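In structure tokens below, several structures.
Heads up, the next two complexes both have chain A, just with different partners, chain B and then chain C.
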Partner chain A sequence: MKGKVKIVKVIIPVISILIAFVIGGIIIAGLGKNPFEAYAYLFSGAFGSSQKFAQTLTIACPLIFTALAAAFAYKCGVFNLGGEGQFIIGAVTSIFVCLKLGVSGAPGILVSLILGTLMGGVWGAIPGILKITRGLNEMIVSIMLNYIATLFMGYVYTNSLREGSTPQTAAIADNLQIGRISDGFRVHWGFVVAIILAVVLAYIIFNTSFGFKIRAVGMNPMAAKFNGFPVKKLILSSFVISGAVAGLGGSIELHGKQFRLMSGFGQGFGFDGVAIALIAQLNPVGAAVVAFFFAVLRKGSSTLQTGMKVPSSVVDIIQALVIIFAVGGTVLIKKPSVQKLLNRSKNDKVSGKGAEA
Partner chain B sequence: MGSVLSVSFIQELLLSTIRMATPILLVALAELYSERAGLVNIGLDGLMAIGALVGFLVGYKTMNPVLGLCAGALAGIAINMIYAYFTISMCAEQIVYGMATNILAPALASFVYRLSFSDTSTQITGVAQNAVAIPLLSKIPFFGKLFFNHSPLVYIAYILVIVTAIFFNKTKPGLNFKAVGEFPRAAETMGINVVKVKYLACVICGALAGLGGAYLTICYTNTYSEGIVAGRGFIALSAVIFGRWMSSGVMMACLLFGFCDALQIRLQLISPGTPYQLLQMIPYVCTLLALVFLGIRKSGPKSNGQPYFREER
Partner chain C sequence: MKELLQMRGISKQFGDFYANKKVDLTVYEGEVHTLLGENGAGKSTLMNILIGLYQPTEGEIYLRGKKVHIDSPKTAVKLGIGMVHQHFMLVEAMTVFENIILGSTHDTSLFIKKDQLKKEIQELADKYDLDVELDKDITDISVGAQQRVEILKALYRGADLLILDEPTAALTDLEVKGLFQIINKLLSENKSVIFISHKMREVLQISTNVTILRAGESIVTVPRSEMDGAKLANLMIGREMVPSVYKKIKAEGPSVLDLQHISYHKNSKHNGLNDVTFAVHKGEIVGIAGVDGNGQSQLAQVATGVLKPEEGELDLESEAISVFDPLAFIMDNVSHIPEDRNKMGLIGDMSIEENLVLKRTKDPRFSVKNGLYLKKKEIREFAEEKRVKNDIRCTSVEQETRTLSGGNQQKVILARELDGSPELLVAVHPTRGLDIGATSFVHDTMIAARERGCGILLISADFDEILKVSDRIVVMFEGQIMGIYSGENPPIDEISLAMAGK
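Now for the complex of A and B:
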């Protein structure tokens, strides 16, 4: 039975993705374009060459971080919609470290990443503290903090760290950039960090007593409280870890890909992260896989737009449809009537085998 | 500082407070109806986005602002039906589908906009609804211009506040509606069709949120741009908490947030030296502070946010 549940868990997102693609295809066909040709453009844009594939992985990197951030908080039953703000705060901290502290080389990168992670955690702690002390809705607080962080970043790149006439900061020094895996395959090492982090978080959630407590609070805070778990502390620490993960993501995005802050940095990563986490059913490793899928869509959408004149937002629609169907699917199989159906078909098979024998 | 305290400055400030508060108020009332039926809908930003786009588009094509507003409301209802089906009939998690609305609706809006106007470099100007001065009342010095010279939707929003208060407190259907959000099982026993009321709440919520979005592109500015909603849905969401689920409280909260927004814009105009980003933070910071100091733990509908499993009786 357990194996079956696992299979269903994988099948639901896959089917949802297929349905979403079919609907996306219908929309494209409605524009008078050939949907198969459009999807060919989409996938060739993402996988067409090793260079394109490397770019796709680079796009997946920040999405993995924000998705892990969202998944970890939600495992503890709290909704962190502030991934974007924490991501941005991490990057802003790093740009200050890089441009103002005079660090250089690998130690400089390390210091910058650590401080970015810390500040992300601090930014993530705010909704957590307000939730456990004042009972405030963490979603609203974290969304407000997103806007504040985005505006603060705007202040940084148009005022305090502005370079020249364009509203953007100076680029970080070459020796502060995160290296690439190889010259032929230009993915920066941050991607590897993201994958390792996904595995580590999965281990923490599913194999440590801390992770068990986090999950217990997520499933039933009242029961966790009666068991003597420090529910408030656990909620706060899940927020801090969630924020720290997002902050590290922002830091790595700055050091690995963007090298400077400008308008649009990190935009949409927070919500995409939440979407990815939901589709992956909060499994960190699953989140990395779904983040890769989202990156394929993001990378392919620009090829789609230039090649076929289909607005790139069609992939946003596909992404939203995937969530709607994936979550709907998980709810559907939990319904008593469907459960009965699933079990009956299993019993039929068993009895069928019995008849053969 | 003399210019700050002049009568005309204060009048302008209060006038734009009312204008800024209106979309938030419409959307907060939308959420109030939804939450009174036990449905927390965080997809307000998305509903506003689609309302803003459809309202703008229909207004632009027909040159009729009223048609535009109606179309915006209908679009809000249509999108909110996805949320309604999954949360009411499938008992799925409300937050998740609210999030889905927030991702789907703006994507749809931007997709349709780019299809309709392939050349996105120029700002397209749509139709605008003019202010309607109420005869006699608008002639009162100072207050006349302040309260009685607005676009009709502004009057409608404030009338809705009164109507909502009467509906929830003085009428039987209103009390039944509230019962669904407080204790659905008891409501069902009393012969109230819980599922129907919840769907009705979603229709009202979609319509008002779509209208709030359409207000932005028809009454407030007459252009559409991506990100025009700018988190107003979430501000409205906090206005409901802050207003303690009563329409009068919600209105006060919306006026406060509208004031912050208006103040921020006025300050940008009179002190161009201050970085505008810091001023733009004011509404968000105020929302946070208001919640921290005035938000209370539990006073909402008792069954708010919980799915209603009819089969479980």
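Now for the complex of A and C:
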């Protein structure tokens, strides 16, 4: 049974992606282009050279963080839609550290990342606290906090830390930039941090008592309470961890890729993270894989546009279709008739009362 | 009187479990026919069959002597059967009038002829003395008025047979009086009413005939005139004493749970506790007898730390408790078989093995360094051991518990709760919905725990169960203790009167 469930969890995203590509292909054909050629362009844009591949991984990096943030909160049964705000707050904290505290070098990066992570956690704690003490809907609060974070960042790059006439902050010092893995493969080390974090979170969720309790609360908070779990504390910690992960992501994005804040920083990463987490069935390692896939689509779409004159919005359509099919697939397997189908072979093997509810 | 409805030999099977077994029910025109029985006796199932929500596994239904096949609620309405559910089926944001015409087929024209329909409905309401304000929103009227809307709705759809499911549960005494006047008015117009209740006083007041259901079977139908409260109570809970297979003991040891003047929501008759005082000693089973919904749930939740009592003192092993928190009680060796195994006892989407170690993920047996790493192999071995010992029927211990049968789910909970040696076990309806085999397994396990010195607080609406395993019997009614009796040769008549509040 369980093995089967695991397989289904991998199969759903894979099938969703395939169907989305088929429909995307039909649309491309409708535009009068050869879909196979188009997809070849798409993938060559993402994988064509080590330089392109490195760019793809760099795009994937922030998505991995926001997806991990969303997945962890979902595991505890709460919806953190504030990944974007926490991501931005992490970056804003870091820009202050870099430009105002006079830090430098590797210790400076470390301090900046730690403070960015902490502030992301604080930003995530707000909807958590309001939920467990006042029963406020965490989705609405966390979305509202996104606006506050975005507008605050706007204040920072247009006023307090503005440099020159363009509305943007100064760039951080060269010695505060996160290094690249190699000159030939220019991915910053933040990507490696993202992968390690995915593995660590997967370990916590599936191999520790804390993660066990987080999952239990996510699946049945009432039974968790009756069995002595501190449900409210667990919900709050899942929010704090979720926010901290997103905050670290924002901090790393600043140190590894953007180097300064300007309009549009972090935009859309929060919700893309939520979508990625859902497609990955809330599995942290799966989230990293799906985030990579999203990055492939993004990177490839520009090649597609320049090389084939296929508008990049076709890729947006494919991305949206993947989300729809993956979420639909998750709901579909919960239907009694589909469950029966999945359980049939099991019941054939074991006669008797085992399966009857 | 003419016969209106006859249900003959109705059975309804869910898996191996019979919710109804060969039930017979005959309702005459112009009578109030009461269905009396405990929770789980099969009243709701029978009515759901009558209104077409369920199809019977066996049996036939006759209406005015003609055999009918009720395949959907729509058919039931066409046949003149209307039901007022315990929880009203009204659209709160709509007006009374809109709710009444909602889905009715009186007027099939494209535009609603509001004035004409309103006039019709008002006339109908006047005919039956149903006081309703058609233009008010449902949210703005009282519960009693909502019920009148439901009745009017059913009558407007042409109901001759009206099923009222626990209609007095949410009403004040005054509203109950009003309802009974309406029922009498209905009778005078030759309508029939099926009245579902377990409130003895009301049953005696309003019924023409009473059919008693127990464990899914119709025990007997008797005219009201031949009955009194004690007789009905005896029939409802089953008068004959099943000779107990277990030896009753008299515990002399120290108390493991001691309640002194505990109160919680004192004024709520059905969901509160009023000055409750009794103790559970080491190595004895104390059974709480009483009709469901007289404060038993609250008692169980106070005794396991889920609810904090408003007044009184609770001692565990002679130490007064001030922190009411499930974890603190678990640390004090209190185990709990909660009343709803799916909602409160198990994480349905987790596997059997995960549910078995639910409370013990930091136990050195199953984890390294206080929960930093879960020893999957040890957990598996533990689960396998419990599976064999408790005969949990499953494909593997990795199976999710929501896919197990009720009996096997309960075996998982028992295995978890009796692991280690709890000082106190609070078991609520531990055998509800279980077949005979699983039931006796649960009882045997409880007795074995008693022999080890565990004190057990057993709360059950099944009186046979209480008689079978309890060393002492405490009777609860409307949140109060009505009496404490010995489990050996208990005075059944006295107890059944106490359960009815006398």
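Keep this in mind: the second predicted complex is superposed on the first by the 341 of 357 C-alpha atoms of A that agree within 3 Å, B and C clash if a C-alpha of one lies under 4 Å from a C-alpha of the other, contacts with A are read in each partner's own complex, and residues count from 1 in each chain.
In the analysis below, a residue touches a chain if its C-beta (ideal position, glycine included) is under 8 Å from a C-beta of that chain, and two chains touch if they have at least 3 such contacts.
Computed from a predicted model, the values in this text were never measured in an experiment.
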item: Which superposed partner A:220 touches (first chain B, second chain C, both, neither); value: second
item: Which of chain B and chain C A:209 touches, first, second, both or neither; value: second
item: First (chain B), second (chain C), both or neither touched by A:182; value: neither
item: If touched residues of chain A are counted for chain B and for chain C, the larger one; value: B
item: Which superposed partner A:230 touches (first chain B, second chain C, both, neither); value: second
item: First, second, both or neither for A:49, with chain B first and chain C second; value: neither
item: Contacts of A:165 with chain B and chain C, given as first, second, both or neither; value: neither
item: Which superposed partner A:331 touches (first chain B, second chain C, both, neither); value: first
item: Those residues of chain A which chain B touches in one complex and chain C touches in the other; value: none
item: Chain C residues within the chain A interface of the complex; value: 15-16, 304, 306, 325-327, 329-330, 336, 338, 343-351, 354, 358-359, 361-362, 367, 370-374, 393-396, 398-400, 402-408
item: Footprint of chain B on chain A - complex, ascending; value: 31, 79, 81, 130, 134-137, 139-141, 143-148, 151-152, 154-155, 158-159, 271, 274-275, 278, 309, 311, 313-314, 316-317, 319-321, 323-324, 327-328, 331-332, 335-336
item: Complex contacts: residues of chain B adjacent to chain A; value: 42, 82, 86, 90-93, 95-97, 99-100, 102-104, 106-108, 110-111, 114-115, 118, 230-231, 234, 237-238, 241, 275, 277-278, 280-281, 284-285, 287-288, 291-292, 295-298, 311
item: Of chain A, residues touching chain C in the complex; value: 1-3, 207-210, 212-213, 215-216, 219-220, 222-230, 343, 346, 349-350, 352-357
